[in-house]
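Scrolling down, you'll hit the structures one after another.
There are two complexes below, and they share chain A, which is joined by chain B in the first and by chain C in the second.
And then the complex of A and B:
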């Protein structure tokens, strides 16, 4: 199934800003992060269709996933 | 709190002299004469519809009612580095009546690129003390209390008394601890975090869990690898201050759960809404 992925900030480096990704049916967000080679612990805000979601979220076709890196500096 | 006699003296002065504005010099003379704090003189002037000159340029945005509220506000700034430095400087210039600044650290060379209170000749000095010195120069009417310890050592009373807290910390586990403290004390928390060209700012209302959703058991984010330049710190701190002022002056009553994420490299600003 097709998943629309939007990457932000440093996650774009060596990857992309916006892309439609082919992803296995009933795959999880964790699985998608693995496919994109984004370590889960480096993720901050993680949204599916504009709502915050966890790694175990089961993706559906045409879901829009937004992935922001973890930012904690002051 | 002013005594009846002190109020009468102030009243006499303002009416008798027909004052329509108030300079710092006049404020100081009155404060010294009547033996009251400088801030009390300025608050009194505002009650009479007079903008102290030092706040004159706040008039068109914050307004007289807003300025009165700011002068009566008590805020805590946790962290006095990149974010906290700019936030404290801004709150001081705006006329935020009481500011408690908390930071157990001292300055070092690597702070010079972005921390407004860091100077070449105050490295190894305590951030909490240097912040106090700076605010004395900038706005003597604001009461700044510098606490050179970690925020978890503060009495409950300080949190319960505060109108607003600013999260200017530099690590994730402390941020979660601060969020829990503020939620318990039912005080709103202005969250800000920065790294490289990127930053995020959000209002964390009591008993909400936005930070727990994005921060788990990590200690640091990408800032550990890439650091932060001054413009990111100043941008985030300014956004945080504006959000804080809106809450303190009653201009933000919505209680929305949203975060602004900005990318200065690509000129992108995202509003992220949380459930």
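And then the complex of A and C:
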């Protein structure tokens, strides 16, 4: 299945801004992070279709995954 | 007395009298310093019912006990006065180097009274203080005035805080700019300075605040610096992308107010994001006094290097006005800094005007500038200039969105709380943050208790942003802790890396106290209740603890937070209870006496 992945801030360095990725059926967000070589502890916010999701979330076709490092501002 | 200088400078512009007074150490500690101590003096010395632009209002510049010390980010100071925009207490915070220089000159606070007959400025060179003519700077922009004053002062190490033409003309959105690019931005503090015919304060100092427990201070300073260095927020995100790093995350959560809060997702936010700013316009990052974070952005456009825009500014001029042209946003930001306008309120007021124009309330024939249409780059730049100069229809905008919308009979279309424009987060998708907007003592403000941290960023822990559970407690704790950080003279961004115990340790080592963390929070609560009491005396009733009707009744129409409204009606009673106030939101006698202010 295909999922859409968007990376932000420092996670873009050496990777990409957005990409459609072929991913195994019933794969989890943790699996996706592994595939992207992003350590889970460096992730600040994980969104699937704009909603907070954890590493064990099972991805479905056409999900939009947004991955942010730990960031702050305001 | 360590940390504090122990001196207060009182300047009466009506009589020309300049006095140096000893600071009462017990009172200083009780209200910490900065925001807290400034609020104490305002409440003691100014009748809350005073007209903010009247001669009897006072303008207080207040540094904290840690300002100018070796504590990380210790460059902050606060401007405290009664706000002409909101009618509440105003305390407007700024960084840069000016606050630290005031401490180096030997003063914790300056209390400015009265009104000068002619434009003037105050010159402080250590203990030598003079009131001088500012006739030749009146009408001049911020950078030209700053350069001129530095040259006249004859020491390029001096620091300058000035108002631009907006403050001179008493625009209710007028700010005070120091070190050219840092702003005591909100609540119209620049208009109060303008009402006193005070163009600037130049300060130069060569001393430094004492440290009470040198060995202990060395240890706690090391701990604090290490934490800031090892926290990814303060060591990677903020240095690389500045505060604008938030654009994408807030938009992706669907709480990025668009077209004057008519929507909450901006399709083309990426074009006006922190990442885009870093790629296209960033020259380098800049730091305030004693700061290793360096979130400031030096950007270049049209051959001119300046600073910014910050996240809130980017939002106000892009999504809120429907504009995805980063160059235009940078130009508008630079105009705000030169004319001395609060970027949040200025952008949000143009956004409100755009909604009124598109709804046919503001007629094309009424305005003497570009059509106020969402998405117009030309409109955001030219109307900012006209607001700064208080020229034509721009003079109407320079009073802020509430007075504008009220004039057209639709006050509810001003996206403000207590007449202060709300910043860049839609409360409908962040329930705790909405409660913070509704209850902030200066109106629609995000930096009195930044609930975005737990509700969106997961710091210090992740909260469900749509849930109401526990939010009243979180808001109170954040508000009280923030009051202390502001009063110490440190930057709020340290709170991404430091916790309450760290602030307590810094205070104890530098000032020489032995406070517990509970006492630290109690000082924050005392400051909060003092500000609330000033507001009540000023006639700002608890009924004003509200959000615009749109946010309570119109669900977010699209995007990831679709379908939500803000549930203030449920949260507010919980908040009042948590604060130990009456059901109507009035601090009880018991609470005030418990805090030593009753």
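By definition in this document, the second predicted complex is superposed on the first by the 71 of 74 C-alpha atoms of A that agree within 3 Å, B and C clash if a C-alpha of one lies under 4 Å from a C-alpha of the other, contacts with A are read in each partner's own complex, and residues count from 1 in each chain.
Just so we're on the same page, contacts are C-beta pairs under 8 Å (C-beta built on N, C-alpha and C of every residue); 3 or more make two chains touch, one makes a residue touch a chain.
None of these values were measured; they are calculated from a predicted model.
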Checklist entry - For A:49, is the partner it touches chain B (first), chain C (second), both, or none of the two (neither)? => result second
Checklist entry - Given the touch rule stated above, what does A:39 touch, chain B (first), chain C (second), both, or neither? => result neither
Checklist entry - Which partner does A:14 reach: the first (chain B), the second (chain C), both, or neither? => result neither
Checklist entry - First (chain B), second (chain C), both or neither: which does A:72 touch? => result both
Checklist entry - For chain A, what residues appear in both contact lists, the one with chain B and the one with chain C? => result 8-10, 42, 44-45, 47, 50-52, 66, 68-74
Checklist entry - If you look only at chain A, which of its residues touch chain B in the complex? => result 8-10, 41-42, 44-47, 50-52, 66, 68-74
Checklist outcome for this item: chain C residues touching chain A in their complex are 231-234, 236-238, 240-246, 248-249, 252-254, 270, 274-275, 295, 311-312, 446-447, 450, 452-453, 456-459, 462, 464-465, 492-493, 496, 559-561
Item to check | In the complex, chain A residues that touch chain C | outcome: 6, 8-10, 12, 17, 42, 44-45, 47, 49-52, 66, 68-74
Item to check | chain B - residues contacting chain A, complex | outcome: 79, 81-84, 167-172, 175, 192-200, 213-216, 218-224, 226-228, 259, 261, 263, 268, 270, 272-275
